[in-house]
Structures are given as C-alpha cells and as structure tokens.
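Only one structure is covered here, and it is reproduced in the block below.
By written order: A, B, C and D. Residues from 1 in each chain.
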Amino acid sequence: MAIRFLTAGESHGQMLGGIIEGLPFGYELDFDFINSQLAQRQEGAGRGARMKIETDKIKIISGVRFSKTIASPLMFTIENFDFKNWVFPMSVEKIEITPEIAEKIKEKEIINLRPAHADLAGVLKYDIDDVRNVLERSSARETASRVAIGAICQCILNNYGIKFQSEVLQIGECKNKKDFNDYIKKYRLEGDSLGGIIKVTVKNPPVGLGSYIHWDKRLDGLLAQALMSVPAVKSVEIGLGKKYSELSGFNSHDEIFYDKVNKKYYHKTNNSGGIEGGMSNGEDIILTLAMKPIPTMKKALKSVEYKTHKPVKAHFERADNCAVEACGVVAKNMCATVILNAFLDKFGSDNKTDIDNAYNTYLARLNER
Amino acid sequence: MAIRFLTAGESHGQMLGGIIEGLPFGYELDFDFINSQLAQRQEGAGRGARMKIETDKIKIISGVRFSKTIASPLMFTIENFDFKNWVFPMSVEKIEITPEIAEKIKEKEIINLRPAHADLAGVLKYDIDDVRNVLERSSARETASRVAIGAICQCILNNYGIKFQSEVLQIGECKNKKDFNDYIKKYRLEGDSLGGIIKVTVKNPPVGLGSYIHWDKRLDGLLAQALMSVPAVKSVEIGLGKKYSELSGFNSHDEIFYDKVNKKYYHKTNNSGGIEGGMSNGEDIILTLAMKPIPTMKKALKSVEYKTHKPVKAHFERADNCAVEACGVVAKNMCATVILNAFLDKFGSDNKTDIDNAYNTYLARLNER
Amino acid sequence: MAIRFLTAGESHGQMLGGIIEGLPFGYELDFDFINSQLAQRQEGAGRGARMKIETDKIKIISGVRFSKTIASPLMFTIENFDFKNWVFPMSVEKIEITPEIAEKIKEKEIINLRPAHADLAGVLKYDIDDVRNVLERSSARETASRVAIGAICQCILNNYGIKFQSEVLQIGECKNKKDFNDYIKKYRLEGDSLGGIIKVTVKNPPVGLGSYIHWDKRLDGLLAQALMSVPAVKSVEIGLGKKYSELSGFNSHDEIFYDKVNKKYYHKTNNSGGIEGGMSNGEDIILTLAMKPIPTMKKALKSVEYKTHKPVKAHFERADNCAVEACGVVAKNMCATVILNAFLDKFGSDNKTDIDNAYNTYLARLNER
Amino acid sequence: MAIRFLTAGESHGQMLGGIIEGLPFGYELDFDFINSQLAQRQEGAGRGARMKIETDKIKIISGVRFSKTIASPLMFTIENFDFKNWVFPMSVEKIEITPEIAEKIKEKEIINLRPAHADLAGVLKYDIDDVRNVLERSSARETASRVAIGAICQCILNNYGIKFQSEVLQIGECKNKKDFNDYIKKYRLEGDSLGGIIKVTVKNPPVGLGSYIHWDKRLDGLLAQALMSVPAVKSVEIGLGKKYSELSGFNSHDEIFYDKVNKKYYHKTNNSGGIEGGMSNGEDIILTLAMKPIPTMKKALKSVEYKTHKPVKAHFERADNCAVEACGVVAKNMCATVILNAFLDKFGSDNKTDIDNAYNTYLARLNER
C-alpha cells in the first residue's frame, strides 16, 4: 500500500481530522474541490438540522506548501462548529465538576441502546458505561474525514484523467429522481427513515490496477471493503452484480475487440463493471451499493437500557431521516483512496515527475501490444 | 491482524500450497475435516473433468506436532495430480529443449485472450507474452489453498462453538434445489455456463468482533473484501442486503430485548445479518453473494489474439460449466480466516490456555452487564 | 500490531501532530507526564536558541474524554510557536506574491546541500528544487510527535509497573557526567558539534513480549528499528552488545535459577539485556545507542549547491551543537511504542478491564509453572 | 512494502520452506547462485556435525517458469535430510503409540531450559510443556529459509549492479583471519563457544532508497530490524557506528562534492555508511554487527528443569561452537530483502520491462540535477 491514512475525531468533539502518509511530491491540491466534496456530503434531501450548523471546511496543517504536496504527511482538521455546546460533556481534560457542569454532562449521558447502531456491541466489547462513548465515534460524522482524504486522492488522480462520480438510483421504493424529495418528506413527517441505492463510477482508470496474484491485492475485494465500511452500506455490487447470477455465460460476458486506431483492446459492453481477474480492465469501474435506512428515528423502536435492562423506546438525538446522497459522496471518495493506492503501487510513489514518466511509458507500451 | 497467510501455486504446477503465520499454540487440527472441506470444493453439479483427476488432500509440513498447533508457521501443500502431463510446459527450471519437448511446450502456449478472465489486463500489466503465465495463477484452482487455510481456522473456532455454512440458493434463474442438476446439464449441453446465489452463515460468533473505531477494522468491510476476492463473485450482501434499501427504518431494524435467564441481550429478528456498527452483534452472521457464470465456455465468445490482434473465438481449456457450490465452500472458508483474525485480536493469540481464559472471562463479564 | 500511529508536521510549519489508533478503552492519561516528556526532549546541554522559543505542549483533540482513553483514535497537535515568522515561506495555501512576501520567501529558500543530512538524497529522490522541502520534514523537530506518542504509551504501561529510562553515558570522548557541560561548551565555541552514547532501560517488562516464531515479530528487531530510526542514531546494542562478541559462551551467558518464594525463574546476570530468542525474558531490557554529532555546524563543511554544482560551505541554520539527551528521550519513547504494541498483542487490546484480567491471569499462570 | 514473505519449518521437521509474494515478472533466477548462498550458510570454521548431514538445496515449487519469475508467489522448500531419524518425535499426525515409538518420542522430550535461548520465555509465553516445541522453531536452522529468500532478491537486484557481501572481522578477541581456525578449535576443545564481528556491504545501491518522511520508512531502521532479527545478533552499526559518538561533527561528517564527468554528486569519505536521513545516499551501505557466542555448549551452564525447578546443567544437543560466518551470510541476505523492497517501492513492482524503464529514467534524471 503506497498510502496509509488514519482518521480521528468524535461527532461532538472539537474537531475531526486525519493524516495521510505516502502522498507523492509535487501535486497541486484544489482546496475548493476538496471543500466542495465536503459540502456535497452535507447536502441532499433528508438531512437534519445539524447540516445547517456545520459547513465543513478542511484546514490543512502539514504536507502541503503553496498548495502543492511536498511528500510529507498531510495532516488536516475539520472543525465541529457545534462544539461550543459540548465543551463540558466532551471535555478532553479532567474538569472540576460544579453542579452546573455536572448537569450539562448528565444531560448528555446515554444508557439507552439504539437498535441497528454500534451501541450494544460497542459497550459490551469495550466495557463502556456511557453509550455516548460509542456513539461519538461510530457516528457517520466521521466520514467527513474520509471525504477529505478521498478528495485529496482525487486531486492527484485527476492529473491522469481519472474521475469519480456517485448517483442516487433509488430512495426506498422510489426510483424517480424528481419524486425523491416528496417521498423523503412523507417519511420524515411519520418520524420514519429511508435508505436507497447508489451507483459509483470511476471514469477512465488505466488497465492493470490491482492484481490476480494474491487475494488481498484484488481491486474488487479492496473496493468492496472500502464501500462496505461506509456506515449503513449493506450491499456492494460490481458491474451487473447480483443480476449476473441469473444470466448464462454466453449471454453476459464482455467480448474483447481491438481498434487499431484509437481504443486498442476494448469491450463493447461493460457487464463486468470494469474489473476482470481482480484488475481494472480499461473500462469504467461501476459499483452499486445499497444503504439501509437511518436507524435513528422519531418513531422509535423498542430497546432496553444498558445494565438496568429496562425496556425503553430507542434514544433519539438530532438526526437525518435520509442520507443516501451523502453516502454516495463518501463512497466515491473511499473508492478514490483505493484507486490512488493501486495507481501508486503501479507507477511508483515518490514524485510527479517520475510517476508521469512511468504512466506515460506504460500507456505507450500498451499501444504496442 | 493476528494471523497472516500467503498462498502459492499455479493451476498446472507441481503443487499448491500456503503458509499461515500466527496460529496459537495448542489447538487440535482435524485433518479429516480439512480434507472434507477440500473435497466439498471439488463437488457440486457442473464440475468438469478435472475434478475427477484431482482428489485434493492437504499435506502439512510444519507448525503442527501430533496433530496440534505449536504456534510456529503452518506450511502445507496440495499436490496437483495432473502435473505429470505438464512437466515440461510448467517446468520451474530452464530445460534443454529437444524438438519433442518444444512441441509439448508449444502446445500449451496461449495467445488467445479469454473474455471475463484476468487474461487481457494480466498480460498488459505484467508485460507477459504467453497468456498461460496469467491463466495459471488467476485460475480458481488457487482457491484450494484458501479452503485449506479457512478449514484450519475453522478447527480453532470450533472450540468456541463457531461454525461456518454455505448454501446454494439459486443457479441461474432456477431457485428449486431439486432442479439444479437438470438445469445445469441443459446449459452444459449447449456449451454454456451458469452462476448463482450463495448464502454463507457464521453460526454463534461472540458479540464484539470487529470495530467501529476505524474504517478498516469493521467486520463488514473485512468480510466483504474476503468474499469479493473469491473469483467470479460480483455481489456481496449482509443480512437483508440490497432489500434493506427498499424498507423504511421502522419496518426493518432489529429491536433490542433482554432475556434475564438465557440469552441476555438479544434481537427477535436478524435483518442486520449479525453485524451492526461494523461489529458482530451476537446473532448469526448472514452473507449473500452472487457468482457470475463461469467465463470459459465451449460456446465461445468473440475475442482477439494478443499482439496479432486477430479476431478469434475464445480459448477453451477443460472447464466446469457451473461451480456455484464450490464458490460457496471457498466463501465460507474465507469468512473463517476473517473471523479467526478478529477473534484472536480480541482474545489474544498466544495459546489455547490463555485464549480460553480470555474468552470465558469475557462471556462472564457480559452476563453481568 | 495493536496500535498504529502516524506523525505529521514540518519544522517551521504551523504545528506538529499525530494520530494513534488502537489505544484500548479506559486508561487515564497523565497530561503533565506527557508534557514533561516533551520538556525533557527540549532540555540538556548543547541545545540552541530554538529550544528557548518553543515550550512544547500537547493538545489532545480526540480519543480522550475526562482524561481517559475512549478507544477511538487519539489526535493531537503541538504548536510551533515560531510559526509567526514563517507564515509566508511555509504557507499551505497558494498566496498572492507581493514583492515584500516574495522577499521573505526567497530568504528562506535553500539550494545549499548540508552534508550528513537528508538533503542530497532527498532532493534527488523526490525531484525537489528548494532544499527546504526536505529539511522541514527531515528535521529532528518531528521527534516531538514521537515523544508525545511514546509518552501516551507509557501512561498505559505504567499501570503494569513498566517504566522507561534514558541516561547519557558519554558525550564525545567525555565519560564524566559532571564535565559534559564544559565539554560541549568548548566545542560550541569552536563552532563544532558532538554526539554521544545513551543507555535506555525498560524496567519490569513481563516475560514473553515479542516472539521467536517469525523474524519480524522478534522484540530485538522491532526495538532496533525503533531506535535506529531516531535521527542521528548509528548504533544499537542490546545488553552486552558488541562486547558479547569478545567473550566466550561460558563466560557470558546468563544462567537460569529458580526462587520458589519471590522471583520464580530468574537470572543473576543480565548480559542478554532482557531479551532472549527475540522475547523479553523477565529481566529489564537494556539498550545502548550511539548518536553521531549534529551535522549542522558553524564550522562549516564543504558542499555544493544543488543544480549549479558550485562548491560552497554548508548551509547553517539555527542549530544545537549537542542533542544527546534529547535523543535519549526520543529513544525511550520509541521503545514505549514497541513495548505497548507487544503488550497489547499479548493481552488483548479492547479495554482496561479485559487487559487487566488477561495480564493478571497470565502472571498467576506463570507462578504455577 | 512491495514484497511480503513468510518462512516455515522446524529444525528437525520434514522440510523448511517459504513463500515470497510480490516478485515482479520476468527476472531470471540463478539457481546455482541461490544454492551457493545456502552452502555458504553451512560453511565456516566452528560448524558442528549437522552441517555434514545437510547439504541444503532449494526446491522451487511455484512462481517460476523456465527459471524466470512469473509474478506469482514463489514457494520453495529445503529438505531436512536428517528427518528420517525424527519421523516419530516430529510427527505432524497423531500417531499410534507403540512402546517402541513411545520411547523414541520420550528420548527427544526436553524439560531442561537452555540459558540464552528462547526456551524459558517460550514455554511460559505459549504454555508449552515440551521445550522441544520452542527449540524446533527458535533454532537458527530457520535462517536457511531466509537465505534462500534473500538470494532470490539478490538475483533481481544483480540486474542493477547491486551486490551483497559479508566478511568476518573478528572471532572472539581474535582479529587475524589466518588464526580464526585455531582460535575456534581451542575453544571447541574446551567445550566453549564463540561469537564475533561481521561487516556487511551493499555495493552500488542507487541514491534515494528508503525515506525520511516517516520513521518506519527509514532504511537505517529497516536494516537494523532485519539484522537484529538474525539469531544471536546483539549489535548493529551503520558506517562508523559507535565510533561516531566519539568524534566531533567537523571531524566525522562526509562532505559533498560534484564530479561533472562521472560520479556527479559524491563523497570522498563514507563514514555515514551510505545512509543519510534514512536514505541511501549513493555510496555503498556499510553495516557492522556483533554476534554473541553460541549458547549451547558442552561446558554447560547452570539452569533449572521446567516445572520441577530442579537445578541442572543446561541441555546439550549437537551444536556448532562458532557460527559467525553463517551469521554473516544470513545477515547479507536479510539486507537483500530490505533493499529489494525499497527498490521496488521506488521503481514499481510489476515487471522487468517497466522497472528497467523507471530505473534508467531515474538515473538519467539524476544526471541532469
């Protein structure tokens, strides 16, 4: 793996952040583009009040000089603008507990386990008393850091014509984009939530990213992990995906052709979704994912209190009732991290001069094969 | 990651093999069970002639004494019984080329690119002339090593009541198990191939495997990678999977209950497929995967010759026309590697005595929460 | 590896920082202790002016609540107080270049390659024009982040009586601690610099950290990497170290004894430095390292300008002339990261409750062997 | 890391072996060279009877065709010719225990803990009863696998003029090579053992391997780990090593020069041992290591029996009394694995065609800087 990255931050902590290690020297980063990806993650029908509080902006602390990467680790933060209301309950330091502060802290304590969240498994695994200690990190707010990282990867890959797109295909049972808003609103009024289906496309990847040589180098597996790791995603498909299983081989596989002038080796169809033998095959990479409905709802589910075991209605904290668009934004940016890794593994990872050379020489070599 | 493993071997080489590093001390391995998993991989309707040639048996070379693990790396081989017919074309050594040998080698050379395989991307990426050099490693024969490794992992996990099952739900459009054989036969007679849908179940995992703390520790992502890395798998779903996207939150999420006497915290439904917040939640883990049809068919697809670019019919070498059952066997064993890793990360990885203690103390602690 | 960490930051950037992932839940962090380690790194005879500018303080951003770890990634920063003088030359953003700003930037550009630094190899490897882009990250200032991380690891290990010490044994040829100051001063007045010899001790590690099972799990190798990676360290010894090579086996190896009442298995000597077979053997771990003299000196060495190849005297920027004590502080804290990793690999890594149990049960088991 | 490898095998098991994953396509392997490295490991004054039993030969099973790498994992074995005498005591399978077999097994059981070995820590860590289970894997016999792997790496690096040498500088207190044999013999007759000092040289590495960017990418740290992980090595030095600490900066650091015609940037001295800022600087890499005396001696040390705690003389099994030359062979081959990794990280890792291009273009670029 050429790049490594760690994300950090709690949902109501002071800030989110991350470090990416392994970025090559000499690539221009487009800060507006990065912030536009962060903004995209906050948009879409169905978002709750919080999205109006926060307007995520990346603040880069290291690894970049005059807007270009200098090969050293890129550290960034994204401020949580709501933190001012959480200073005491989320204090990093041990604090003196006045009665007033004690009340503020108490108010934010949670012992009510939310179904379909990390809450139950989290408190048991880590031996945690206050469910908030799980909630704060398992919150999807963390994905803002991932979007920032993916957007940085996109800035590098854009130099080679590689682009990332996401598109919402379906919200609940609604497949008509024009109706998404009303459909979501109807459920919100009922205190209910929705998931949906998203298509992610990687445009213009070179042939030969990933490898069939060892199972954990396969690009399909790496992309599947990246996408299934996005909170609430429960299904990942590549190309025809599940539908492949219903077709015969003769009726589904992409035949190979050769165009002497332009495309060289190519396919007329792309049922494989651009990945064969665990490698990019030169076509666009097509991924479809399904997001489950947001588990936090006003129309609360049954649950129990931790340790008292008292039956309760699930805890409800400010929440979206649909975040499918946001999920797509996270997903495409997670793909960008996987693609950049495979790209740098293939073309070297030191600096733009040498990578440009390796990339261009490779394409030239392919033209002769 | 507590365990690491590497697989090796070409489809027509002398043998397959693998090394697993990180197995704890003191676990009994059931060699018959491991071989039964290897046999399962070779069975099922739709398998070609090769499955009659080979009867895979594991030969363990190191890491085991008197049938128990001794903590040192476990190396094993699985002989390719067909190798006697491939001695010259697959020779590891440089050999003196008599006209007779030259002919044997020539006969096995391939310049015809098979669609839906690693062939095209493989020869371009690695600058390979003879497509056989791709085919030999990208062949699904490699999965025999993965099954052996997964079966070894199962032997350890069985001590804690954790079991792995796979079940074919659908072959092509056929959902009736009794009809699978005839359905597959019909396609074979046409020279066509089929894929299908498989359900994999992990029975009885403890709560708290995997973590929400960092994206790459999430059990859902790790399982998705392991399954999508199985050749021909194009879709992975967890629990309700894609169907989740069509239901509302109130109608889909698993409520939490508490049973004082037996189960303690539990769910009455398992739509989540046993994973919430990237962790096992104590219910069975349910995974569904879709396999594309086998790409090598008598009823050949259009392709081109490598380097000459001449249009041809795709190369056909001895092949199954359906391998969905085998795919399920590989899939459940890949799951076993992921679960063992998460298990040892949680309970320590040195020896059975200490792991038993950590496991039992954990369960006892959970009973008090 | 139970914990992963990344450090970030340039020497004259806005701040340094880091993220540690994998810290268990429930450990109290002693902020004063962490800051005292940072302060120690800045002390010692021979430090230059910069140490008076900066008084490093850790600012923890995430992963800690009410001073206890909550298992989520711990992100921290350490401000560079001198940054106000470097706002333009180290700007992350592309900036509008007024003549005044251009001058400030120009002033900080470097084309003069400093011998014994990363400069030459760095500019060639990364195709860098301004040597500052190498210098800023290769500067030993980065080790402040490592000290912070190691100090956090120490806070956890202190719960099990494990302590880390460093001691300067020699400065240049001077072995008398009382004379260190004068000795260093003498060289400073000559514009020359010094290195020295440091002893690092890990007190009270449990037996069985690390493993002989695979070369990259050996504790001696991992400690050697951690120490040799500290800037300017050119020699690492364990126990008797190099002197071992001059003694016969009979005259050097530590015999094994058993004390029924207290120590159980023990050694009367510790020539092995607490590590046998790549594992801690229950005795204190003793490491000796040698630091080369600081390469930046007023009494400048010959060098050349990058790209013009013009012979020059090496660039001199504000520098210490001796930093051996600081080096020891970095070294012991790097050891703490290695020991914590081995400790958590052995005893689990989720939370204090379960780790305490695993640790105590292990010690109890050992008493019976 | 471009390549990964695992070694396997017990000292008296059926065979040793290993798998290397990540070797690029298209490199010729010189089997005679690999075997010559294995032979070198078995030579040298002071080796015991075993070295006459075994004549190690590599048997490559996969990843190579007609003596060239094909990018797939290279699996190999090295037979233990002595295994015929160990069939029952080292049986992988559970066996029926006849009285005769029981006796053979009993005869090989060990409860006597050898000082300065992995024995004590090993049995405690892994909760092992029969010390043989530690001894078999912690034995230096395992290093034959490492030598095979390193020799394969050398075959690839030789294409770029990079060579690896080891040289014994000292045996015990004896610095005169002509006297080594007699010196060792004298100690052998006394039942005592010896260590020594070894110099390892990497000839002709390109500038820029490794990196100052992150501590765990530094070539000095990686080499130190690789060398300190060789059994019995207790000291690793780079360049001047420990002696650096006694010299002043002005008197020790390597000045930089430029030769327009041939060498371009170069140094007239090489005190740094070819590594500055954690990177190769274009000069030869010089490493010095110290090996402790072999701990198994006829002139036995005091020890105790495991579990009975009875004072005993340490167990003596057939052993060398000096293995310094062998240690050097292992050491240089471990270096080769580190250097190949850094080389492939820098120049890509797919195939010889593309790597040659990247390497040559890099050198050409450097000539212009």
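Everything that follows uses one rule, which is that contacts are C-beta pairs under 8 Å (C-beta built on N, C-alpha and C of every residue); 3 or more make two chains touch, one makes a residue touch a chain.
None of the values given here were measured: they were computed from a predicted structure.
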Contacts common to chain A and chain D (chain labels): B, C
Chain B onto chain C, rotation angle from CA fit, given as a multiple of 5 degrees: 180
Chain B and chain C: spacing of chain centres that average the CA atoms, whole Å: 43
Between chain A and chain C, centroid-to-centroid distance (C-alpha), Å: 34
Centre-to-centre distance between chain B and chain A (centres being mean Cα positions), rounded to whole Å: 26
Chain C: positions in contact with at least two other chains: 6-7, 21, 71-73, 125, 127, 137, 208, 211, 213-214, 346, 350, 353-354, 365
Footprint of chain C on chain D - complex, ascending: 6-7, 113, 115-125, 127, 134, 137-138, 146, 170, 172-173, 187, 190-197, 207-208, 211-216, 218, 220-231, 233-258, 260, 265, 267, 272-273, 276-282, 290-295, 297, 299, 301-304, 306-307, 309, 311, 321, 334, 346, 365-366, 369
Residue ranges of chain C touching chain A (in the complex, touch as defined): 4-10, 13-19, 21, 24-26, 31, 60-67, 70-75, 77, 90-95, 125-128, 133, 136-137, 350-354
Partner chain C, residues of chain B touching it in the complex: 2, 21, 71-73, 208, 213-214, 345-350, 353-354, 357-358, 361-362, 365
